[in-house]
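In what follows, chain A forms one complex with chain B and a second complex with chain C.
Showing the complex of A and B:
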């Protein structure tokens, strides 16, 4: 017995693979139907967006160790800027850009922190958005990946393990560095070393010709979890000078355009113990402080 | 008002003693005279010794009031009968005790004066003034049950289903209409509240010295030179720990509300069908309105005066229970959590209610939501208001002495009737 079926011609199927489509991050060729870059795992929708709009976004990287608060900061920032009363207006480019905001806010609303960002680059969230400053008519396109702290640490120790990180740092026009103020306040120095490694790696990636000139990229050094370390809010720069002397000196020597900020999202945290599970740190309420200011500073420098 | 038996006995003894002395004087009977004189002395001593512990020991707040030594200073207040209610002419020079009472009234310590031990010291004018202050500053929260909701982590935030909870009975109380302001707290600081150790819990005595302002003077964290910013006099006091809030409350003769009392005042539960409690999500209704509460979405970004946003008052006229500043209560954080999910912190956290000007999520600024913080935390968005149980005030005594109908007293009487009917 014969049945009729519709079979696409092989030539049509092959055509999808035959048309090369470069990834916006690493520039390697992918197929038109690919959702993630097969080389660096960046979402191909960024490349599609760029081709449609004709505007290449500025890449802003967020550096910091695992647990420093990168995801919470970014998710809260995106949520705050997408509300009406914000100094900058933010519009997401594509549905994938909202995942970070959605995941973070859902978790915080349940009085939990979002789960740890996996090291695998194909699991990261990316924020591709248009930012409009009411004081400036020109909107600015930004691409902010939420990279995993562990992956950054591995890349800093063993370069080229994560090509996407190398590519992003190389293209980065603005940098936000997250440092856990709570840990720094109690004398911990592991984060300081990691951030110093990352900043050194960042300057290493600049081409030789550019390396002769001082690095003028805006770098916002954000002391996170400052809500539990109140003196950090009073004077973030002084706090960094006292508690993170190595990082302070590195920034003084190599970065011409850096500024210290303090931020906090939770008003208070505690440990929650649930029967049959590990104890987890939970926020008892959501009171964002110092979230928008570093970003506004960074965007205004990028606009110059 | 009738005299108490002990007072009657005193007067009888005194009368007998005087009669005996008078009889001995007219008929030179030495034993009768000596007996009368001895009786006179005994009566006097007994009367003096009876009064001292009554006024001091019964109430530590009253003891710390500075209003004490009631045994020596007490002046018999008009008790009953129209003749005794004559208004004292203003030309009469005020005694030291009356000046002290006036000072306490100026300091907002009116509830201390309405304690059973002290109410008798007030003259009619002071009593009227005290009751007026009470009525203006505090609102009655009637007796009844309140459902203390358990946090429902699996629920979608903002859901309208009643959360599971525990029924708690609340006795009638008076709750401050407004949060304690900087101006109010300044009186406590100026009166040396940080040096009066009986006001402070003994476990915090070593820590009181750490409760200093920016210039190392005793006071809230953000003050300078022991004084608040002149523009923020009517803003809620912030930067005070739970212990400072409790000490202030004790100084004014009040206390911090319990968790259940606070929730009852805000959510105003009504028993539907006599069983199910209908509680409000916000004091004004079921949805957040930025014009009624100072939260993050209101956009103020800082505290506002305690009298602002009156549209957000509770049913009985308590202002800003939601928003502006979190409020300390006496409860512990996590006390309503299910046993399977407990909270660990270096020290037990105290309960906070109501949300603040920077509370970002709507469902965290509701009557139900409980947050917490260390009792030593002195944060920029945590303040407090005070409460007092109705049973701690001699309102009926005051009413009879005053001879006037006051709304607060009517409310209290109504509550008593309801209680007796129940």
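Showing the complex of A and C:
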């Protein structure tokens, strides 16, 4: 006895790979199987999740010079928010979002700072997470890339060298600016200029239509390593006015919604010198201070 | 012309912090500087395999890199680990010295970045500076390098061997980006691959011998760690291929009929002089995409010229003892491999029948040699006809001396030959000239008119 059956051709299964899949960050077309965008190196998992959930995340960018403490701050923040007693509840979207937290916390647990973030965009860590505020029923989706300071500076100096940075800054709805309080306290001005360049570049990327209106994006200016500069904790705004006058003035003129914070992760640091090896700065203990507050402020201003 | 230079590493300078161009010489243009930063390797960018191998050998890991710059110059750079990271973070400082080499300076070194870097190292210009000055001086690098050296080819025959090199060439010429996994000595392998293409084509391959794969550094040839993430990152690039060099290559490796096959046949037969001569022939404007076509022409010519030398049915792997295994000795430059003198050799049958143009396929330049139609008893006449064959081939290729020899030989031989055979010879040579012209015109948008002029000169001589 013969029966007729319909068998799909294998080529039909392959056809889906021929359909271009747009990157969520830059919009350029990629294949369905791509893990990183071929144009901007952003993880394609973000685009897949956005397509599945139908919710586009708010992009929050973290600016700062190399060594300002972006990775340590973000990793510690994600770790603190993923615990039960945090003022905001954070849930990671996808395994790749946990890498930043894992790398940072495992390094700190070994009494080490996490290794330097490479400038290559395909090596960056991205945190895609859902944040739930007990004061607000609606959770919000956030996308926070941990970009390298050198790459940001290069992009500010030579636009389009790192297309992903331009795309991210253009889409940024909230900004965290990291400033090394220790260096600012000792009179160093190089990172002040760098941060000013980045903020200028950020405002330059706003479209002309939007440029007529004042920039109301929440900008949290976080003075990092404040544990080694105690007066910074007492009055972050006054510290910035005294030590970072150029940045202070720029923020006053161009940013309507900015606030100064002080934070510190390591309670105490020391230099470790291994015989025949390099001299490494190590945290002696963990004493996170002022980590969650800037983020809570930013998220609550994002929602408005 | 001076070679500008730049240092890309992690440091705190008056201009910036972290990885940036710490120092440049005055002639580096802003566009070139931007490109150097974009391609610059930063923290943990050296491939793990190279780092481990260097640690075992008690030396610093090194990657040699080459890519074009917007100004028309080329960057030849050397990346290594320097001292500790200035910021007190773990991991070594990645230090890259970039040479911005003008095209004509690179041409002096046969467009071979490895040769130029060797010369710069020998002159003491390549070194890791613990205190980098803000301004660097441009370099002046005297001297030159030959397009190919026989001793280098000999070493390449031994390691990595003809088969491996041909496999690299075969894949590299057919894709836009090639990653080589598990190469024992990636620097030597890539140096070999670069050496085995004509100098005109060498600048068309950007390469890195020991950097991790990154979308920011779209090298065409790169050594890749045996790591799933690195493999996947490379394969996600458009038209990328991965060649696994670990262990033995498969016996049924298909080298095609193009450049890779030519290299394999000449190297495995020990005809290194012939290969060197082929590589040294000038081909202005030659593109990598044209190499296969060029090689097919040469292979056809070689089959015709050798006239009886059959390709070895099974060529053993040359890594063992290439010349001895192939039963041949190293020939001098431009000297054909020893061949039997009988014209009824199977190779001739192949050239006449097996390589005849197929329906719909491009005609191949093959001479059905008039000498083949002679009675084997007419040895003197046959020798003269063979000389004419060679003269025609070389004269059409642009050899004036061969054309002069042909002008002297042809009238004497034509007088002694049967008129029917003379007519047939003329037809064969005409057909060959047309085929050579058609094949060349099918390979490039720009036709080389000089080839047509040479062919016309030859035909005029034959039909006078």
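In this section, the second predicted complex is superposed on the first by the 288 of 304 C-alpha atoms of A that agree within 3 Å, B and C clash if a C-alpha of one lies under 4 Å from a C-alpha of the other, contacts with A are read in each partner's own complex, and residues count from 1 in each chain.
One rule holds in what follows: contacts are C-beta pairs under 8 Å (C-beta built on N, C-alpha and C of every residue); 3 or more make two chains touch, one makes a residue touch a chain.
This one's a predicted model, so the numbers in the text were calculated from it and none came from an experiment.
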Would chain B and chain C fit next to each other on chain A once aligned, or clash? fit
Quick one: classify A:287 as touching chain B (first), chain C (second), both or neither. first
Going by the contact rule set out at the top, does A:153 touch chain B (first), chain C (second), both, or neither? second
Looking at the overlay, what does A:55 touch: chain B (first), chain C (second), both, or neither? neither
After superposition on the shared chain, which partner residues are touched by A:19: those of chain B (first), chain C (second), both, or neither? neither
Tell me the contact category for A:32 with respect to chain B and chain C: first, second, both or neither. neither
Which touches a greater number of chain A residues, chain B or chain C? C
Could you say whether A:109 touches chain B, chain C, both of them, or neither, answering first, second, both or neither? first
Looking at the overlay, does A:271 come into contact with chain B only (first), chain C only (second), both, or neither? both
Based on the superposed arrangement, let me know which partner A:279 touches: chain B (first), chain C (second), both, or neither? both
Following superposition on chain A: angle at chain A, chain B versus chain C, Cα, nearest 10°: 120
Looking at A:118, would you say it contacts chain B, chain C, both, or neither? Reply first, second, both or neither. second
Quick check on the superposed model: minimum Cα to Cα separation from chain B to chain C, whole Å please. 12
Those residues of chain A which chain B touches in one complex and chain C touches in the other: 112, 271, 279
Sites on chain A touched by chain C in the complex: 31, 33-36, 38, 41, 65-67, 112-113, 115-123, 148-150, 153-154, 158, 161-162, 190-191, 194, 271, 277-281
In the complex, chain C touches chain A at residues 10, 12, 14, 16-20, 30, 34, 37-38, 40, 42-45, 83-85, 87-92, 214-217, 232-233, 236-238
Chain B-facing residues of chain A, complex: 83, 85, 108-112, 230, 267-268, 270-275, 279, 282, 284-289
Chain A partner contacts - residues on chain B that touch it in the complex: 151, 153, 157, 296-297, 299, 326, 333, 340-345, 349, 352, 356, 358-361, 363-364, 371-374, 377, 379, 381
